[in-house]
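Below: a set of structures, written as structure tokens.
In the two assemblies presented below, chain A is common to both, partnered first by chain B and then by chain C.
Let's turn to the complex of A and B:
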């Protein structure tokens, strides 16, 4: 876990590196997305947390030994409520103090700096607009204060109004500048909150569930707007959300949190396709990943469980040692394909275990199991369709395992493919490269 | 109980024939309140206005018409103008204790929430629930020129002693400050209630915007309290007189040499010392008119929008 920061920094795409690209004059030096990776190699992380701990009474809210957020990245922090993601954000902003540990922004230790001196802007969940100030006053409040505090480094009145006009134009607020917050719609308020945060060009922009108070249609648009905005500003953005769809779709970098700890970090695709443990596996993706308990038999390439049988390809080199017994077999509902069921063909069951000396499987498993025929690898799961949900671009079929104790699992059927009727027998095949294996004792991934 | 009455009423209304009876029905329900108001508020108000043009000693059955003579006597005399001036001084002394002082205390308490601040808030409120006369008598003991605690302390400190209530130069301020303790106590509570509705998230937003503690107070807390300040300033100037009255009646009886006399005590003196109902009524009309003007100005102030910092 300690080298996560480096790992994440290295994920920046080297092909777009362009050492000659000069940073735009109006954004922080390491901010432009085009020379992001070049900057990331030289410059420290945008945000670094080391040994940060926070407790509320006896309840540990946050425990992060090390977390690095690459400069210029759009990092999404996701986790269930109470996982510490908002606490972490507030510690970065300086609104909470950690019990222990350091916070570094762009390599500068800001652990003891007040919120206003960290170069951090935060968009609040409820936007926290100043109710008695117009949109314009809300946006330029920070700049005016800065100009007052330091007349030399602060902006002149003309510069401030130019900046505000720029930001208002960027976010479509030009016509609303004289309005009060209470005269705005939810989406407009969100944009004002955003404008207030970006008008001072912060090196780090924090967003605390900024989309959760918008309705579904607006949220879709605001999501795209935020991604575009990040592309234009190129600064480090950290967005906190509990919505796994936002997490997967928006970020260039994903941090999954659970119980105050960082469960996994990396690009969204990597986290989605190679979840580090069962929590990440089931938290990301809808419907969540199916998990089955299975026993390795024979040379460890064949697994059997209630209503499940699997044949794995030759032991991957990455995996050292035998599989734990039992082992958790996971697959995503969208990775399974329906196969025709031949109820009268018992051979399907007998081909599962060529090694018939294998310990007796849970009741019913061999009879109803059905396995990848011959040398075909992958997982075959059998069950009975229980609930069929039409989702528009597909259908989710929730099945009850064919065998006792096999639990429930779901499979997604794409487009207009044929959907099994409720009560029909279902047989699903999952290719071996889409199968995830976890250790049931600690939930960690075991297949490398 | 309320519910069943309501339901019965609605059912009755549904069956009532349309027209005059239906229109009369709301007035039937309002009648207890309307009658009470007529008997106890508007009736006496009109009666007072009429009385102010007459001569009556409160006991006689004989009332004689005087025209504006009562008003002329008030304005031309020595006592009432002095009482009016004193009343303005009382108001001026009390105004900061109705607004700035309790507001500062309330903000300080609100910025540092916790058990200590809750206990302190409760202690501050205590004077409000004490009986006015009991408190006045306690102050009489405290301010006694010979053995009062206040003079004992100033004497020990080498500041000398002073007859605070007996000296015309200090009597009004002594009574004013005694009353102020109570006004502060009540208004700290009311300002606190107004502050409770201020979103603390705004303070965090302002802190991130780089605002100092004073700038947060100046640009966020004060604008939030603006209406409360005007309202409490006005209300205090309306409700504080019974408290001043009790203190004046117990401690100075308007003296020394009329130094603590005010329009309310003067009205009481006209009516129940001189039994001159006509002059007392003229004074009452004068006071009511003046208060209406103050309230009108206050309403204009709260209604007007003020630009934030320019």
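Let's turn to the complex of A and C:
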């Protein structure tokens, strides 16, 4: 398998390096291996999109000034449906042409190259198997075509069947080779689609929601299989999905898209822990991040909002300038810890709006009793448990804010920790380093 | 009634299907009920349902009879002796092949059949050659252009063919194509629009991702058409070509004008040769008609399996 992996990266480049075909014709077969590795060193880049725009009528489907996908990465493109992620994938594959901009694969401009000559393989959402061909024919279709188009550089029949056998063994399809697609289960079809894509050893493997038509159990297994496959092949994989769990768990590189634009890129942990804006913050993670509106008071270190009070650390490292007013305070449900409700606390009543008598947002007065005591930093949120959902690993408690206009928020309780009863008062503390601050006008992150 | 059965499969299958149904209707009426009330209501409901079924089937049988009887009558008559043609008894009491002998002997029936087959095959083939790429291209157009082009194609179908007869006739006369196969075949291609419209829906049913996959696999446009689209369209092509073949085979007006010469005439106008100066010779005429129908029935029997083949929609997902 390691041998196959090396082959994979090597072969990648003759195709991409010469999208306009032919030049390999004069290379004798025995020299091709050396030739390939030389080319591989010369073109280390993965995928680069520059100034790519695509419109459908007046609707802008994609607008990407710059996007780089590192070579050899497992990049997951995630976003809600209609965000342009599939369009982007189809533009990279060449099935669609961008109105403007360039597409570079392995450092070579392939904007005008036909799809078949880009060294790109795509696994479709519906797998798009040829219904009239057996599994084997489905898999070797592209190799046979290549052999027919160019007898000298194409593979011989023996080589083709060796390759197909290799891939079939790799994906457990050996016994199904003579079947027709209609005789296969969903998972088997998915593997055939995958086999068809990797048999040509593409430099870039594109996956268009390949797991969405599988049932839950199969999806879990296929996810692990894809990650393992990527490790073995070592090529650049781009997977498009609308499932944020897939996005976080599978990739080494994450691209979050929204409304045809790239919202954020980076390793999944970084994107998850430091979302660039409120869209990314709420799109990734389940349940989504809680957002509260709050007003900075005093020296700007203390924030108050409906059912919320916060004290920020003395000098937030990367923040430039004062906080916007108001500011959006975000925290993930899993980052909050339940704290004992102080009976003296005026906010601790079991009624929904204990604070309604007090004027909202008392300026300069750090939240009646709810603020972290003394110099302790972080956010304290108060509310009443409204819905309690047991998820197995833990429990998600959806709460109604203790103050009017505070909206709803959720907190995850881990393991077998005590869970508040419905209607009970809840007080949650979030450590300062887990608090996210956003500008409510444009949704951008303000704390660097 | 044995000979009609052999020729008309419709009669056989329908007869076979209806007779057992009726016998089943009569048999089960009184179920051995334990409590009297409920079975009786169930029985009355059942009787009503049966009555409805009988009524429907009677109606259908009548419709079938209206369509099939003339054909069966003609078939039976073609085996009658010249004197017995107008007998009240529909069955040929002393069946004879005399009419067939006269038809095949006095007139070049085989030649006419061959001409017709060549003409119909040529028309079918050429129409498919035009219609398949046209339908493929049509599907690829953006929606608005697609609608406009489809409307234009449908309009060509609304033009009555008779209105084109004179210009077409003048054209082939000037080209010197009277009594030639090109003159016979090419003008019949005006009906290609129908094939385009029929195939368009089938092309549209092919998932675009399958065609995209072929393009990504490096297939050139011609190869996508030949190696992927055509195999997927095969059942549809079978159905459409049967339709085109039968339409062209039954064409009367154009062949009678374009190729009146017996060496190029097709069978339908050719049957007119049996209408002699002395009056129509009904026996040989009917025999000729039966011979003209036979190939069509054969084509349908051979190819109808293609039509019912559920190949297309089973392989995808």
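The definition used in the following text is that the second predicted complex is superposed on the first by the 380 of 448 C-alpha atoms of A that agree within 3 Å, B and C clash if a C-alpha of one lies under 4 Å from a C-alpha of the other, contacts with A are read in each partner's own complex, and residues count from 1 in each chain.
Here is the rule we go by: contacts are C-beta pairs under 8 Å (C-beta built on N, C-alpha and C of every residue); 3 or more make two chains touch, one makes a residue touch a chain.
Note that this is a predicted model, so its numbers are computed, not measured.
Considered on the superposed chain A, chain B and chain C are sterically incompatible, since they clash. In the superposition on chain A, A:141 contacts both chain B and chain C.
Shared-chain residue A:149: touches chain B and chain C both. In the superposition on chain A, contact of A:164 is made with neither chain B nor chain C. By the touch criterion defined above, A:181 reaches chain C but does not reach chain B. Residue contacts after overlaying the shared chain place A:213 against chain C, while chain B stays out of touching range.
Within the superposed three-chain model, A:89 lies out of touch with both chain B and chain C [touch as defined at top]. Contacts of A:116 after superposition on the shared chain: both chain B and chain C are touched. Taken together, the two complexes place residues 93-95, 114-117, 120-122, 124, 126, 128-132, 141-142, 145-146, 149, 196 of chain A in contact with chain B and also with chain C. Within the complex, the chain A residues that touch chain C are 93-95, 114-117, 120-122, 124-132, 141-142, 145-146, 149, 180-182, 189, 196, 213. Put simply, chain B touches chain A in their complex at residues 199, 201-202, 204-212, 215, 219-220, 223-224, 308-309.
In the complex of the two chains, the chain A residues touching chain B come out as 93-95, 114-117, 120-122, 124, 126, 128-133, 137, 141-142, 144-146, 149, 196. If you check the complex, the residues on chain C that touch chain A are 207, 209-210, 212-220, 223, 227-228, 231-232, 311-312, 314-317.
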